[in-house]
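Just so it is clear, A, B, C and D label the chains in written order, and each chain counts residues from 1 on its own.
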Amino acid sequence: MPEAVTHRLVSAGLLPQSLSERLAASRRRSIDIARPLSPEDMTVQAMDDASPTKWHLAHTTWFYETFVLGPHMPGYRRFDDSFAYCFNSYYEGAGPRHPRTRRGLLTRPSSAAVMDYRAHVDASLATLLHDVPPDPTIHQLVELGINHEQQHQELMLTDILALLACNPLAPAYRELPEVVVDEPASTVQWLSHPGGIRSIGNDGEGFCWDNETPRHSVLLQPYRLADRLVTNAEWLEFIADGGYRNPLLWLSDGWATVKNEGWIAPLYWELRDDVWQQFTLAGLQPVPKSAPVSHISYFEADAFARWTGKRLPTEFEWEFAVAADGGDPPASDDVQIRPAPLEQVARSEKRRLHQAFGAVWQWTASAYLPYPGYRPPEGTIGEYNGKFMVSQHVLRGSSCVTPAGHARLTYRNFFYPAQRWQFTGVRLAADAGA
Amino acid sequence: MPEAVTHRLVSAGLLPQSLSERLAASRRRSIDIARPLSPEDMTVQAMDDASPTKWHLAHTTWFYETFVLGPHMPGYRRFDDSFAYCFNSYYEGAGPRHPRTRRGLLTRPSSAAVMDYRAHVDASLATLLHDVPPDPTIHQLVELGINHEQQHQELMLTDILALLACNPLAPAYRELPEVVVDEPASTVQWLSHPGGIRSIGNDGEGFCWDNETPRHSVLLQPYRLADRLVTNAEWLEFIADGGYRNPLLWLSDGWATVKNEGWIAPLYWELRDDVWQQFTLAGLQPVPKSAPVSHISYFEADAFARWTGKRLPTEFEWEFAVAADGGDPPASDDVQIRPAPLEQVARSEKRRLHQAFGAVWQWTASAYLPYPGYRPPEGTIGEYNGKFMVSQHVLRGSSCVTPAGHARLTYRNFFYPAQRWQFTGVRLAADAGA
Amino acid sequence: MPEAVTHRLVSAGLLPQSLSERLAASRRRSIDIARPLSPEDMTVQAMDDASPTKWHLAHTTWFYETFVLGPHMPGYRRFDDSFAYCFNSYYEGAGPRHPRTRRGLLTRPSSAAVMDYRAHVDASLATLLHDVPPDPTIHQLVELGINHEQQHQELMLTDILALLACNPLAPAYRELPEVVVDEPASTVQWLSHPGGIRSIGNDGEGFCWDNETPRHSVLLQPYRLADRLVTNAEWLEFIADGGYRNPLLWLSDGWATVKNEGWIAPLYWELRDDVWQQFTLAGLQPVPKSAPVSHISYFEADAFARWTGKRLPTEFEWEFAVAADGGDPPASDDVQIRPAPLEQVARSEKRRLHQAFGAVWQWTASAYLPYPGYRPPEGTIGEYNGKFMVSQHVLRGSSCVTPAGHARLTYRNFFYPAQRWQFTGVRLAADAGA
Amino acid sequence: MPEAVTHRLVSAGLLPQSLSERLAASRRRSIDIARPLSPEDMTVQAMDDASPTKWHLAHTTWFYETFVLGPHMPGYRRFDDSFAYCFNSYYEGAGPRHPRTRRGLLTRPSSAAVMDYRAHVDASLATLLHDVPPDPTIHQLVELGINHEQQHQELMLTDILALLACNPLAPAYRELPEVVVDEPASTVQWLSHPGGIRSIGNDGEGFCWDNETPRHSVLLQPYRLADRLVTNAEWLEFIADGGYRNPLLWLSDGWATVKNEGWIAPLYWELRDDVWQQFTLAGLQPVPKSAPVSHISYFEADAFARWTGKRLPTEFEWEFAVAADGGDPPASDDVQIRPAPLEQVARSEKRRLHQAFGAVWQWTASAYLPYPGYRPPEGTIGEYNGKFMVSQHVLRGSSCVTPAGHARLTYRNFFYPAQRWQFTGVRLAADAGA
């Protein structure tokens, strides 16, 4: 079959991509994300939470070298022994590593060397998948590697945004392709759910992270969920009503953060000539009123909900409602660089519950904790998720910069309650009677 | 009835104490706790988390003035207008206040002045309860005040311990009355529980905090719970096995804390001539092997559980198991200044599940979050619990320094995962099959 | 001779006090300073730079025990072995010690125990001086101890001020005895000095610190010195002219401090109803216009001088000018609790150069460095001055809280350029032609 | 005259270079320094004290734009208005600026854009110097610009060293061209100087900084000065003798720094297999025993001197001794990337006092303060030196990375006593009799 035809069939979902193809596509995509950047842009670290693009490109490569090629490809030769130290993120089992807060000091290896590293590992992976007899362990590890890299692809974009936002020249990563029609958002519809005992977590079909398992039952009270996300227009009302100045709306830790950090609006917002602008991957832009609010912390999401008299949903309420409304997201186009206004999305969605995926991650009231019976995988790979299960909150859905194919119904993202450099927003919930 | 007889009957639970009597007893008890201290001891703040005894004595008094006398006693005259600023803890609704971290700078008002303040408020409360027609609102607020002061009585003792522990003279707050028989602890018995849908939270009988409500159903998987707490002997094995040096046992944030703080043992432990000693309210003492380990953080509790191959119970598992085994603690003697060795306790307990109360607070796997349908009370008093519902973990039971009558089955204590100056320990749990 | 007569003769300067008498007087004076304080006041540490009164009382006693009684009194028994750890200030040669920033945690030993400690050491010193044959080494060490304690007497008062200033009740240490007549200060007279080669430093008569030696020659250019200190009235003009907002007036480190600390006026000043008040040892008081400005840093002194077009004098210019105008201060009454307005002082001074002593320490342009040929004494006592000779500036004169008899012409006080909790002010200088 | 001939004559000092030529050479030299670096290397900031190479390249260009072209070239068009914000270092008079600690976040403008910026300004400067009638003000400002850029050329190299030292790959900036013959250093010869009244400071011939003026007289006691610098061999003895573990050798602030920073050797030293290595611009190299110790702080220099029983010279002692021994350094070759061993240097020096220039800057006992009668220039350019005259110490001489032609007898370099990323070392002094 000619490649173009194959491609069209694969794209249309009529022909499944092979693992090799998906691997190659995923590896290419990281390079594509880095393409608009100079070597300088790729090297600098905006803040402790963020990593340089170059580091992401190398770390995702180190992951394959460490967990796939090293253990499973006979005769594999490491590209450079020093890279293990440079590009291990946090795996204690994989030896000592360069401190996270100093990743931006790694001007060497150069961006070019990292590209060579990628090519070396890509070639080895291709050989491994082609020559070695099919081995489920290897396939699972490669699948893991693809998903791992997809996570870093999202982080690359949020970290680039964080970097460019520090620059007094306010440079754009990419131009906005979209024509934004900023029509007022529709009134929220409240979707009712009866509660009861529901199954939550991954059912074992397809790839998932360990933290989505085991599938188990939870007991839900009847509740209602907003059919759409909170918009910037609504957030502007919150600001205008003194939301950032009223301690009674905030969790105690949240209020301390508001005061210490001087928060008066979401991250990247600034008031210029009395108009709120937001720094985006397309540079400084007027805040679009009907788009979902983004770059807010859990503290802000919680305070906003209290201001409305509503609350945040639990992750279980979210999952059940979305499961009932269609479940996993459809195969989708690739990322946008900022969340689209509601109407633009709503027109194309068949669902009642809009913006579950592809706009912003949605803070939930649920702390990030293991599911009953959770066991991390054996070995160093088991450090992936479990060791972060404290002091963070779960976010559900996906964002405008989540790679196509990465999101799913049972996905559990997690961040600390004060963090807001990701594309994070709010969907409101309420008790059945409230 | 002569007072001595009344007292005996009340003590025996045959005659309920009146609210006035309980109030007076509670107020006296705070003074009793402070009695071994000099004015200097009462004034100094050991660390940001702790408060001076004098401040506790004044703050619990301010609480009555602000929430009971001010609003409900006609013609009440504040003792000193400046005290509202000095002794408000964290109520944003009650106006500006002295910063928490600077409470130890308040050498004025003097301890003597604070005692006068207490006398003034006590007299007014007595008058209010005697003269004013019985008013459920007032009674509820006084009940709240008693429970509030009981909490601070526990904090007084933990904060005094923190202060004396800073002193190179290693002074004792009180001599140890107990003769400690440090017999080896019995082997752990694992109590099985079938799971299912269970009611959790307060049923409305007697006083409870808002955070124990509403009573609601949860779904539990079958599980097992240790019949006793983890002992110091077991903790010494953990230390000897390199527990504090193995990152793979720890949550990521926990390991960072271990390294930053240089933790190698529970708080107040120190190795002298190869023997572990622990600084206690009775001064520096050899660590009693059969007593429950105390002064450990959530991070340590979690790491220890992982080391054993077990886990921490959820707060629901804890509550259900204790409910099934007798529920609320019996009327008890007053506090000991350190947790008693197991055998000493077990001999007197009728229960299968030992040390649920009166030894150490037990870290649970549950994040401190609102129960479904939770609503804080209206008004400033509503700042009591709800605004702390993030980034903390629930502890259940009670400790050796919890005032008699304060603990109950549904009580939810909460601290940050790195905190360990309270009397905190571990009870292990496991899945039914594990 | 009857004691009363002796006393009168000694007071009149007709009969020199014996060393024992001066020692006893000096020891009593520390107790007198502490008298208005409660045990609480004596125990708390206002900030890292300051120490508790109780600590000063004990440390000055430890000094005699360590350097006089221990080495020189046969059979001397230490009062309490643990005190060496508690009350050593910074002598590396005298063993480990309690950290400076944690002095305020020492609620034990109690104030009463410290008084007993003082009595024990005082009695031993009396015995030593009475029984042991006169020994110049001992006499010199006692002389050193008296001067050491005098320094701490000044610090006690500045540290008490720092403590009470933290208290929202704004308590007074003592009432103001003075009737302040706040007449406008006279115009500055500029006293001219020809320069040339001048001898600087102590000539060996009477007690002095090692840092005042050796006496040596310096070469001075012709210069002029203001006959009085800068007044609060002049400082108010500086403020009104934007002195604290204009970076061009400041040293770079000074401007960084102004911004980081939010300085807008001298320490302890606050604007109430548009009137500047200053917190003093007599509580909050209106700023007296003709009194010398006090509680300013070197950075502020330097910026003010630049604003006037003048400069600070070097310590050599100061010493020579004062030497030429009368030298050492006269025997004087004891301390005032704040610097007196100029006119009050000027009326009683015979000198042309007013307020050289007894008002505020005067920042000089000279860094605190060793004189040519300087050698610290042998042994631990040698840690007294030399090891601080970096990054500080010399102040000359004395302040309103310097003990009578402590100041002298050649005295070199020293503090870091950002410190301002001492009674510190400015005298302006200028080049001959400027 | 053909260019080659001119060049040879100029090099030989027979034909003075024109200002234009010297400007062009100086501008080229900055580019040459950056040549071995990638754009990544040029962008990242190693630490707060250091700046990125790109920033240095742009800032030295901004200096000409701001102080020469803007005010003095009619019709000059700024290259990019935003650069003033990005590349102002600390001139308060030149408007707001990007914070020093965030210079490394400036991935834009790119290195290429900065090169264009340089070309634009270079062309304009060439035009200005060629077309505009000779104007002493302009010539002085260009001279200032050349010297300013020379200072930054030295900083570029020390900051590159700081950056590469952070890299686990330990990359070399350049290979070592030298063949190092590490012969034992000769015994120190002590050169005696009689003291007396001496003239210090610049006499107005040729360029100098404002802080070298006015020339004035100082009075010196007789003293002796070592004929060479302290060597690494001697420093190894200091280490072996416990120099970094003995508090009695250190200034109090120095000892605190030793403990806080964990210093056990000069900066960039590390012990590998029991051999001390030093990270240099040529990568990790064995410490050459006869080379002067480098990368030490004032605190270390002072402690070392105390250990030897000697002391540091004052800046006046240094200047007078060097003046007496030949004064200004000879026209020299360009920089080496590390200080040469003594014998290598001594063979070629005609002087008695070796290594005055071209090895390492020499810490002096003199605090960095204004000379009597010092006045900074009028205007923003006056912020160059004066505002740093507090809390720093003067260093004299020059280092192996000081540009040829930049050093001179009266030059006053200055750094804080804890700083050590510059090429800094020690020459000992002693009193005449000591």
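We adopt the following convention: a residue touches a chain if its C-beta (ideal position, glycine included) is under 8 Å from a C-beta of that chain, and two chains touch if they have at least 3 such contacts.
This is a predicted model, so every value here is computed, not measured.
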Partner chains that subunit A and subunit B have in common: none
Repeat of the A-B interface, chosen from B-C, A-D or C-D (over half of contact pairs identical by residue number): C-D
Euclidean distance of C-alpha centroids - subunit A vs subunit D, Å: 48
Chain centre separation in whole Å, for subunit D relative to subunit C (CA means): 39
Centre-to-centre distance between subunit C and subunit A (centres being mean Cα positions), rounded to whole Å: 61
Subunit B, residues touching no fewer than two other chains: none
Chain contact topology (line, ring, star, complete or other): ring
Subunit C to subunit B touching residues, read off their complex: 38-44, 46, 54, 82, 85-86, 98, 102, 104-111, 163-164, 166-169, 171
In the complex with subunit A, residue positions of subunit B that touch it: 90, 92-93, 197, 216-219, 221, 247-248, 250-255, 298-299, 302, 365-367, 369-370, 372-373, 383, 387-391, 393, 417, 431
